[in-house]
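Data block below; observations after.
For reference, chains read A, B, C and D in written order, and residue numbers begin at 1 within each chain.
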Amino acid sequence: MSAAQGFRLRLRAQPDFRVDLSPLQPAALAGRDVGEVARLELRHANAHVELGELFDVDALSSEAPELRLEGDLRRFDRIGQAMDGGCLSVTGEVGDYLGAAMRSGDIVVEGRAGHLAACEMAGGRLEVRGDIGDFAAGALPGSMDGMRGGTLVVRGNAGARFGDRMRRGTVLLLGDAGDFCASRMVAGTIALAGRVGAHCGYGMRRGTLVFGGSAPDVPATFAETSHDIRVTWALLSRSLGKLHPAFDSLAGRVPRRVVGDLAADGKGEWLIVG
Amino acid sequence: MSTIRLKGGRVYDPANGVDGETRDIGMRDGRIVALHPQEEVDHEYDVSGCVVMAGGIDLHTHIGGGKVNLARMMLPEDHRANRARDPLLELASNGCCTPGTLETGYRYAQMGYTAAFEPAMLAANARHAHMEMGDTPILDHGAYVMLGNEELFLEMLARGEDFERIRDYVGWSIDASKAMGVKVVNPGGISAFKFNQRKLDVDENHVHWQVTPRHVVHTLARALTELGVPHPLHIHASNLGVAGNIESTLATIDALDGLPGHLTHIQFHSYGKEGPKKFSSAARQLIEKVKAAPNVSIDVGQIIFGQTVTASGDTMRQFANADLGSPRKYVGGDIECDAGCGVVPFRYREQSYVNALQWAIGLEIFLLMDDPWRVVLTTDHPNGGPFTSYPHLIRLLMDKSFRDEQLARLHPDVAASVDLREIGRELSLYDIAIMTRAAPARLLGLADRGQLGVGAAADIAVYREDADREAMFATPEYVFKDGRLVARQGRLEAVPVGGTHFLETEFDPGIEKTIEQYAQRHLSVSYRNAKIGKDELCSCANGGALLACKVHGGRGGK
Amino acid sequence: MSAQAETTSGAGEQAVVRNGVSIDPTFAEAFPMKATRVLITAHNDTWARNAAVAMTGFATSVIACGCEAGIERMLSPIETPDGRPGVAVLLFSMSGKELAKQLERRVGQCVLTCPTTAVYAGLDEGEAVALGKNLRFFGDGWQISKMIDGKRYWRVPVMDGEFVAQETTAVVKAVGGGNLLLLARDTDAALAGAEAAVEAMRAVPGVIMPFPGGVVRSGSKVGSKYASLMASTNDAFCPALIPLAKKTELDAGTRCVMEIVIDGLTEADVSAAMRAGIDAIVARGGEAGVTRISAGNYGGKLGPFHFHLHKLLGAEASV
Amino acid sequence: MNAPTQTQNPDPSGSIGQDWTCPFCSLLCDGFRVESQQGGLKLVGSDCSKAVQGLASFGPVPAAPSATVDGREVSPDTALDAAAERLAASRMPLFGGLATDVGGMRQLVRLANQRGAILDHARGDTLMPVLRTLQDRGQMFSTLAEIRNRADLVVCIGTDAASNFPEFFRRCAPVDEAAFARRTVFVGASAPAGLQGEVDEVALQGDLFDAVAMLAALVDGRRLPAPDAALERLAQAMRASTYCVVVFEPGRLPAQGALITEAVLRIVMSLNRKTRAGAFMLGGADGLQTANAVTTWMSGLPLRSRVGPLGLDHDPLQYATDRLLEEEAVDLLLWVASLGPKPVPPATVLPRIVLGHPALAADCAAAGTVFIPVATPGINADGHLFRADGVVTLPLRALRDDGLPTVADIANALQARLALRRLATEGTP
């Protein structure tokens, strides 16, 4: 069998237990042949299973490292974890830790993603076209920082604790956020086109939330500042507009600004356009 | 039991004056025996080309109890990486700074250590400490109970209670907690912090009880001497980590007034305040004092660069350092009118002026001290660095050129100016055998450990000679515990349960009335439950051997 | 920088005359420098210019100013990162370290202080040097960092709102000390010619003419009879010294000489600016009073960049 | 089955628990006695509802309850064989419940290692918020005796403390000669009757998250646009107190309660800059602290971890019992409930092995379940449990011998059987 740059993996049957797909790295697999990919060992409960037992593998005629996964992968975790380069796409749903700690490359998931997607993501671009679970762009227990760089785009709705402890990078949420959006946020930018749930920005220390859609209720531990922020707004709104058309009307408007959470460091800001 | 001969190794057994002679060592029934050269044995190991020493003994390592477990819970990120392990003998256990107890036992044994002592057991947490040590496989263990900050003790001191009563109280505390010695941490300072006092010098009064650390230290040292406790009072002196604390350290030595005392992690207490950063090495001042005070022994608490966590009973100092934590987390607790605990993760950096100097001060202390019997090799695990860095530390002490290489990587102002540059001394294998086996055994009163004489316990480490001392001490060829092969070339061969060393003190049981009354009025636990019986110790310690240690004809009993 | 020791004429080469202006067969000798561009924006172009003028003040010569700086050009709102009017400023220095020092001082004292301004990197490629990186500490802990499109900005609370400064700008290798000497029949003619040349040269991107109004009258040579001075008046071009100096480059009809010094981001930028200057003089013609164009050099021994005036004239020169 | 537990007080009636430690809540009170009356157990010295209710679940006649397999009564050995067989067949077991003592937990961790099991406690949901704050920021705690001797201000947040921990205020009541007056303030909860000292209530404006956030901001001296006057006064009092203790109950925290726990830590850390303060958590029922402490010290990671031949991993979200069962991400549940008739094992289509209080027999009669009755530490077995503060460990002493094995006995026996099976199949022990 000849080597290929990209592979298509079609799920044959649901596994008995959750499967760790972190060994599937587009860049690392590029240049191997279909047989080698099929023999890749995946962790499954307390044992390993060969990839070929769960997936049909075909070579793709891609010119750059690429993986295309097809099927309902909700029992498959850690897709694209620590990914460093290449393209990875999934047609169905995925499990937890999608793109966790990824450093570069592109991931697109057509369906919904489980919890902790993009957690501790450091670079690259991750797009989820469906909904996303809790703690997306967040941090693992004990880690001081959640998402650390790159761009996350979610077209659906997000679960609770969206952007928990996020430190850097840009997140665009086109649907609605669950409760505790941006909890304990350290820095970075979250742009929201939809609504947010209860207690948005709880314990937020720094960072920016841009409300492009409906205006949120401002918590009692946030306070308004009325100074001229047109310079920062110009920089930020132009950038967001370039990232997604849902935000391309921001630049022409002037937002209201509140700061908080005064229960934490209080240097976070909400820029409210809606 | 079988008979074993280690044939043809070079033996370093300082307790018996053996300095690198080639001789055979025999073992039978867990003990070292004299074997006739022709005597048939069950197993003979050819250890020519190897160095034979008694098993290592760590007399100050935080391996068990509440604060260690809190440190584990606090640092899941330090425990996520899995290493390959022997699935038959090793259970899943992880961590670098504060590994699980199982991992702790495996790692110590794999580098030739056979005993380790938890230095900071709170009386209120004693069962827990014994349980963790009981789940630390292979190693024998014991603990020093923390005294000198309990409200009852301070109250007795404040009201001028007869010394004999206090001595009985100390004897009772050792017995109740099944301790191997007594440690005092920031004498009076942990309690003072509960009364919102943020600093306590040796001759400064506790804001509430109006007693001084000098008084606390002297009283405890005297009590231990009179009780005949072999291990001198284990002292974590006042002002840990504070620039200029050499003054309080020297004053603490004076407070002993000639009574035996062991000053622990002395590196953290040997700071001057000279120089541009008002922070300097006071190693020479310290060593001058210690040389002149034969009643004093020390262990170093060497720092090792990299991530670790500091866990201490010294809440006053730990809270003061909470903002320096990296990652920025803090656990602190005021505990049961007894003591406290403070946990601060820490990352020692080569490019930090202060850390680089701390590193140099530790090494200076090791190298300037002329009597290896009074200086014990420790990193104050995990406070200065994890115990797994001992082989690295040994190489730093034995290899001047290696030391210079490390020195060159430090903060330039430190690398260019420290005394350490001028110290050419390289420790010998004999020195190392003293500092890591013979001296700690002697300081703990363990007559049959830390040595290879006939009749001693067959705790033995066999290292293959290697000019790279770090590699040599990291992976011994063979490690025997009580005559049983437990590790070979870094792989475990057996995982026996270790034994518990504890002291059997004598004291006037009349003191229990005072303690009972105090507990009823002030504490939250029945006095009866403050005492750990031998059966209970056995169950806490996971069924390991109970290694009772008699006191030295003390004057405590009636 | 305007330190010329002597003006050498190529052996046997003849001056070229264009529209009555004689162009010497000589070259301007220039040196490598380090440079950066920063963009200053403000609420309107008055305040952007105020900041830029202050920041580039007292920056005529590295000899005593630490850097040479000037306004490169005004920027329209569509050209700036934040959509406000702005100014592009260039700074040149002999070392990256000195440049960094001057940049930080000047932005700190003249831009941070100036109402409504913000400051951004004007170059993308090059070695990063602090722009807002240390100025942020003026915020006393209230400063906020913001990463936008991979660039970090600092937002420092100040009394009119917030001062936004990009964290770093880029430093590139550049060329300093390109020059033209304009020899004229009198002061009026010299000034008018120099002004026209400078105006034309300012339209060239990537260059500044750091002296007041772009013109320097104190052309200098290396060395002095006084041991403590490194440079002194360029006696060969001083009309007052025609009968006295050991050597003079002037004829009796020249009563006034002006010099234009050019620093540019690249050799091509300096060439373009010099060409624009020469063209402007030539277009006015010798009748306007600038009768001769020369240039300063050190005999080609000190600087690697040689701008031959005749080459700048291009194909026409040989005609 | 293995040797029955040694019992120190085999008296058939009368005062049998002179040094009894109560296992029915995490305060582990050791100041009461238990009397044997008509074969039942009666609390003396307190009317604690938890203890009374707990003792009532130990019937007058300790019948020797039988183990069952799929609802059929079987001999202890048969039950152990069946349990071992199901464990051996399991590729991904969950050890849940974990209501046991130190000895039981030590052996369960070892057994879990043999089979690569996930460990979660029945009250894992109440542990995770507290644990997460410890992992992310730390903790600053006080303990019962410190509160008793020092706390001039006790602030109970979102709990009356007494409903679930009836003895709490008695255990930390100031000593008679204390030189301070105790004030107790209840935020978002009603004060229980009969409290010593000054008592106040602060009603919530918004929910608990709002209240704690506002309190944190006010304690830190922040100016808020519209501060709640009662919370402002409370913050002032906290800053003025010499030793303030903030009490909360992890079991009563709403979803994402870790954010409240972390805010409480911030309040306490902030107070400690100038004065002294600590937090006290009223948590850890059903041996939660014990299970977590033992798991942590042995493995290095806390609960909701998997231990086994492939190593160790900790996953608070995935390794939650409810989720694992619902998603069938495991194929067997081993449930441990030795401290009383609760927690009841969850219903599931998966095979179950239940080591439980005899009263659980009825819940375990279904097909697919192996039920092995076990002794309760403090009633019919000795043992050790960790107190709510996680620092103090107390011995529990058997009041009587009901002939039941301990959890440790069963886990040991299962380990031995699994080792034998492995020897038979792989030739290695």
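The definition used in the following text is that a contact is a pair of C-beta atoms (placed from the backbone, for glycine too) under 8 Å apart; a residue touches a chain by one contact, two chains touch by 3 or more.
Note that the structure is predicted; figures quoted are calculated from it, not measured.
Distance between Cα centroids is largest for the pairing of subunit B with C.
The pair of chains sharing the greatest count of C-beta contacts is B-D. Mean C-alpha positions place subunit C and subunit D at a centre distance of 77 Å.
In whole angstrom, the spacing between the mean C-alpha positions of subunit A and subunit B is 47.
With centres defined as mean CA coordinates, subunit D is found 33 Å away from subunit B. Residues of subunit A found to touch two or more other chains are 141-144. In subunit D, the residues that reach two or more other chains under the touch definition are 131, 135-136, 308-310, 314. In subunit C, no position touches at least two other chains. If you check each pair of chains against the touch rule, the ones that pass are A-B, A-C, A-D, B-D.
Residue ranges on subunit B touching subunit A, taken from their complex, read 74-77, 80, 327-328. Subunit A contributes residues 140-144 to its touches with subunit B in the complex. Here subunit B touches subunit D in the complex through residues 64, 66, 68-70, 72-76, 79-80, 82-83, 85, 87-88, 91-95, 98-103, 122, 124-125, 127-128, 131-132, 135, 151, 193-196, 319, 322, 328-338, 343, 521-526, 528-529, 536, 539-540, 542, going by the rule given at the top. Contact residues on subunit D toward subunit A in their complex (touch as defined above): 91-92, 115-116, 131-132, 135-136, 205-206, 209-210, 212-214, 216-217, 220, 222-228, 255-256, 259, 262-263, 266, 308-310, 314, 316-318, 327, 329-331.
Contact residues of subunit D toward subunit B in the complex are 19, 21, 30-31, 102-103, 106, 109-110, 113, 131, 134-146, 148-150, 171-172, 175-176, 242-243, 269, 272, 275-276, 278, 292-294, 296-302, 307-314, 382, 384, 386, 389-395, 428-429.
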